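Remarks on the structure that follows.
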């Protein structure tokens, strides 16, 4: 006989890491939740473990030409090109809205040079209501032939070190999966002073319209996200958890509570939900409810008792 | 009005590369078609562009414990562990069957040391009926801390050079996608004397049963294949075609004729179909028929006129 | 008056298909149980449609709302059954799955979404120009106009199969003019020829248009040459429908690299005043998105 | 006589569901139009089942054939409608999709596959031991035996809902014995107790078994202690069903790292003589594959 779930005590879902206190381990992934406001009609932002913003750069960025998105089998390609309002407009126009909520606000940012990274971090450092920064290192380093910072451990170490110097708030470094050995970049991030690591960003991919013989997105190559990539994300999260001492946030293809649990079980302290928000703007709410039910059903009183319990 | 497809002349589908003449650009991917015999009840092996065997090693290999496979969203993980009968038993017991067909036989092989690779190649070099070898470099180099040959361009170059010395038949080198820059390995393979490149092998992935908290395959980490990974495979094929002069064979998530066409349009001379054979043992036959119809419908008289016609 | 964002929490509506019929080869009309749409959805708004959870396609597909209505309740005392109707053309994987749906099948709807048509004088001369399936959002628009005898529907298509639901417009009191490229119904040729004729006659008319980009481009050229007010409903590839993915953007009139002025089709649109858009660059990028 | 591989090209059968009914909570019985199965499929063989192309799950799912039959033709002169029946328990994503199928839905079948039961004396004493859904392949087996008064069906399950189709076995003339772990039907306890009792009485009986691994393990221990011939039908995770993926292997009696003796459940099985298998290592790896 199944226990009557309603009468059992609610499980504790709060998690803590890098000085952040989250009501639960669920947050949106950057770039899939706008600046929070877009989702306010659909869910209560106070229910989220944290709010993660679209990636910000020093100056406003126009992004790529269209088409920018294409559906693939159980996934999607995007090449939005990091369109954003720029850090100053964000602070001025978007933060007042986000400050209303008691969920911590994590601001995602990027740059195309070390200096840009440093400068954006410095400007966000003094903004009240910003709980932590998430640094996207999947960007080309325009001063070094456009090699993506996150694919070169030395460049990653240097740029993170530079940001660390200008930032006193907690720093989460978000890794790109397009590398031979994710443990090396993770270690570089830890050594450079990151407080936490989040992964994965999108896998680079491409798709062709076989009738027009054109790439299905204008930028030719885009980032692959969605449930099809989850096994790669779980594998990398597992590897990174085994490698670094700092906390890890799992991202990649989470659509349901059971998907989030895969990451928690391999040792992620929290997870981010990306593409699922597009499929259903209530996704985070549904995952939260189901996560709670799962804990009750499995007799998990505190979600922390479940984190890192992979049986090998 | 649609043209009456039946009355139009059949398109020419034959392709040639690396000295191989294929009736059409379709062949099975290694490890998904057994030694050919398993599929003989389902399709006419003479209709295939080529037959590609399960990977062979010097000695018979037991493979991994079970569970070895797990379905993921639009894909599957496998950690078969390269179970095979060994090169000598293959020559003795499997080649006589394969020799009956006029489709070229491509024998996939691997080793755990440079010497093993060289020795398997040498033994296959004199076997009549073997049209070419496909060298799987996604294997750990046991003499160098288990680093996968294909993720270290220097190790890849060395082992391919060694094999090249002992082989006069055409050599196809099959690349692993688990690298930062696939163009570097592709170039190393070309420089070491490969006649062609095939890609991609599986992406490494992992999946967890959230109720038992155990990995869903005994080996913990496995290889991800199937339609979900196709965008990654198309992107890498595109990149490699732009980088090397030798012909390229595209692999990864091909389920339908349109999927095969993505690879051909970006410039692959031929394609391999893997996981689709499990879903439907008639898959290659269906894809062939549909490829023909596509050519007729699009007015393509010769498939070679379509290869590499991506419009950028 | 434009549709306002609702203040209460919007939910993804889990509902069922009431009927799904092929009304012309390749064109389907689907009626969906949709409590809450009546009185809240504005002409030109759309929904994001999803077949049952766990089935492909992954992303929802956007469809204009053709009409809103209600059926008598199943039994006394129960509320009447509100529904919406979509009309869709089967063009790819998503619509292929939709065509197989039957009465009772479970689906999900997000909406009503976006900005609909702005109607400042409900009674003046109006010309509605639709191309093929582009006629969908024009029906609720026509229905919302006060003096429909002053409303003309111009509808063009490739062939007679592409001309749908015209009689329903006529039942509203609207006069319709049909052209087909192959001459199989109405006048042979493009609908823009009729538009010019009508504007000669009603030079103060307001124009509302929805259809393929080349048609919209031609309509815009005609209207801007005559300084006639034009609103267009655009299509774009959409992932989210709520302004978050930035996949559906079009360039605004003031757009430049330094001062990006992108507009989200899903949120600032799908209906735009033609002067809000950068028509030179609109056509090019839209064509890249379409397969032949 | 074992089922022989057929010489003509085997095709993936694209066919339709005739009916799909819940026969006990969580257990469904599906009848599928299957021309060509009658007379070719042997007891213990299975099919690889796929819901319509493009729908998940990606891989086919293996199911034993419960029964083969035929219906009268729809009209005179037409061939009779051959069908097969599956009985399945809803346990995960694939069977969740299957439960939603209706009459007329299109599906695909590959089969009949694998080696069925070997029956060297159709008339001797036979004991069929089934656990839960493991009873499926035993029905065709019972039906193929000559003297069914000498056939006993022992069937165990957790609770009364897990005991299905027993009356159909009895209609064949088979005597049945039921146990449930909670005592809600038949004797309370495990079916192996009955097996020992029956073997005391019929020490020369041949045993055929299918069910969860712990049950098979216990049956094997009993039979090997008494030197009674046992055939078991195994389950394994399968991708291809035709011997190509090597996902479904079990270790043979002679297996070692140096001399691997793996057997494919799909091709050398699913029915094995118990002496072909390495029972010590079978249980461990099989349990890894099952979630709780």
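Here the chain labels run A, B, C and D in written order, and each chain numbers its own residues starting at 1.
Note that a residue touches a chain if its C-beta (ideal position, glycine included) is under 8 Å from a C-beta of that chain, and two chains touch if they have at least 3 such contacts.
Every value quoted in this text rests on a predicted model; they were computed, and no experiment measured them.
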item: Set of chains whose contacts include both subunit D and subunit B; value: none
item: Chain whose mean Cα position lies farthest from subunit B; value: C
item: CA centroid of subunit A to CA centroid of subunit D, Å; value: 46
item: Centroid distance [mean C-alpha coordinates] between subunit C and subunit A, Å; value: 35
item: Residues of subunit D touching at least two other chains; value: 56, 93
item: Of all residues in subunit B, the ones touching two or more other chains; value: 73-75, 211-212, 214, 227
item: Chain contact topology (line, ring, star, complete or other); value: ring
item: Each pair of chains that touches, named by its two labels; value: A-B, A-C, B-D, C-D
item: Footprint of subunit B on subunit D - complex, ascending; value: 5-6, 9-12, 50, 56-60, 93, 108, 110, 236-240, 242-250, 255-257, 259-260, 262, 267, 285-286, 288-289, 291-292
item: Subunit A to subunit B touching residues, read off their complex; value: 72-75, 77, 151, 178-181, 203-208, 210-215, 220-221, 224, 227-232, 234-235, 238, 253, 258, 261-262, 265-266, 294, 298, 309-312
item: Subunit D contact footprint on subunit B (complex, rising order); value: 31-34, 38-39, 41-44, 60-63, 65-71, 73-76, 78, 80, 83, 209, 211-212, 214, 218, 226-227, 275, 277-282
item: In the complex, subunit C residues that touch subunit D; value: 54-56, 93
